[in-house]
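Residue numbering begins at 1 within each chain, and the chains themselves are lettered A, B, C and D in the order written.
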Amino acid sequence: MEHTSIGSKVWVIPEGYIPGESTGPQPAMTSHETFCVLNTGVVAAELDITIYFSDRDPVGPYHLTVPAHRTRHVRFNDLQKPEPVPKDTDYSSVIVSDQPIVVQHTRLDSREPANALLSTIAYPVPGQ
Amino acid sequence: MEHTSIGSKVWVIPEGYIPGESTGPQPAMTSHETFCVLNTGVVAAELDITIYFSDRDPVGPYHLTVPAHRTRHVRFNDLQKPEPVPKDTDYSSVIVSDQPIVVQHTRLDSREPANALLSTIAYPVPGQ
Amino acid sequence: MEHTSIGSKVWVIPEGYIPGESTGPQPAMTSHETFCVLNTGVVAAELDITIYFSDRDPVGPYHLTVPAHRTRHVRFNDLQKPEPVPKDTDYSSVIVSDQPIVVQHTRLDSREPANALLSTIAYPVPGQ
Amino acid sequence: MEHTSIGSKVWVIPEGYIPGESTGPQPAMTSHETFCVLNTGVVAAELDITIYFSDRDPVGPYHLTVPAHRTRHVRFNDLQKPEPVPKDTDYSSVIVSDQPIVVQHTRLDSREPANALLSTIAYPVPGQ
């Protein structure tokens, strides 16, 4: 089973927001916004990520590779090309892959001394 | 891909509750309940939101526009017409759009000095 | 739209755990486990809830009514018949309704001075 | 209804990370990563779990049984064979069952004095 492709090729995360402040030991406790990708297939997955904003045109694609039989936990904070994802700014993301993948969204918010977590499976576009 | 319509036209968020108290710097840390909408299509999406309560008839529609290729992160706290959403009150919401959209629900609860977060992709009504 | 039935008739929440301790003002900050039900239809929904355990037979049904056009946010802490849901105990729940409904699961954990929140749309059984 | 099989046979949790540190009373407040399984059917479910990493081949299967009409809340921390799941390491998991089940993912992060929670229904592979 572990060598079969699982999932969808298009995923959506409407909520996106990287808090500009952090407390606690860095970088583990840096406020961040993450998407976790699992590629169970035998072929590397090539991903194109587009970032949507509330007041300007979308930016992208950001390109990433997830090797066969591997997971990759990506911080939006670390996306650099074509431009860094701005902090303290509302955004959304669409992830398009050439192979089936599964995507989960997580945020660690450490603006206060006690960190807060949220997570959800992203939205898989049906029939993709 | 980023210019294709993605999602469903009807979304449901059964959980709704705006805490009446907040701590921390305002308005970033004001306790709030948010729904994030992504419209990946080429046409602006017109949204009608209905709020359901436990002890009285539904209120709405609240009307919002999400422009083409844009996201909009909306605080229920900010909905004003036909009437503000009451605090410290259980509610649910149904979001109907004339274009396919994707919706995610998030709450920041800052009643205690340490904030708490929850989030989930809303429920997309199948076949809509 | 607000007078149409929306959702599924069978929902599952695999995670269940009511923390036995709480801090903060009661009952708002009492540690609790909640399921929120929305009935958008014109007929009252009759619900039967069954609680599953790790080491004994299921208990139920617990019966609840959600009136037409209403939401009901139910604390598992408040279920009493046929027996209270035990604290500090792993459980799961299955919610069966005679009308389509939408269900979301939320927990407030206030064992520590700072409360923590989790939430997810429950699992709708397809084709029900 | 409670004696019918419900769910899917293949579930995916892309996000996995066991924090290496904890605060508060142990073991209740030990940082942990959990998946909760519900088996509503009349036959015990035999589960094979495979753990995926970012930089090496998948490990597994880890084998578990969930008896008929029972739930089982499993801490990834407790999986031992073929090898313990490493802490402070990104991973993903795929859960394959010979019977339909429903799976939810939860993390308690107690690295800071205030604990944080996240949870989501796992991703059910359609048609399985």
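FYI, a residue touches a chain if its C-beta (ideal position, glycine included) is under 8 Å from a C-beta of that chain, and two chains touch if they have at least 3 such contacts.
None of the values given here were measured: they were computed from a predicted structure.
Asker: Report the chain whose CA-based centre is farthest from the CA-based centre of chain D.
Answerer: The chain farthest from chain D, judged by C-alpha centres, is B.
Asker: Do chain C and chain D face each other with the same patch, meaning over half of the contact numbers show up on both, or with different patches?
Answerer: different
Asker: Using Cα averages as centroids, what's the distance between chain A and chain C in whole Å?
Answerer: Here chain A and chain C have centroids separated by 30 Å.
Asker: Give, as an integer number of Å, the spacing between the C-alpha centres of chain D and chain A.
Answerer: 21
Asker: Tell me, which residues of chain C touch at least two other chains?
Answerer: Touching at least two other chains: 113-114, 116-121.
Asker: Touching residues of chain A toward chain D in the complex: what are they?
Answerer: 1-2, 6-7, 24, 28-29, 34, 36-38, 40, 69-73, 102-104, 106, 113-121, 124
Asker: Residue numbers of chain C touching chain D in their complex, please.
Answerer: It comes out as residues 10, 12-17, 48, 50, 52-55, 57-58, 60-61, 90-92, 94, 96, 105, 107, 109, 111-114, 116-123, 125.
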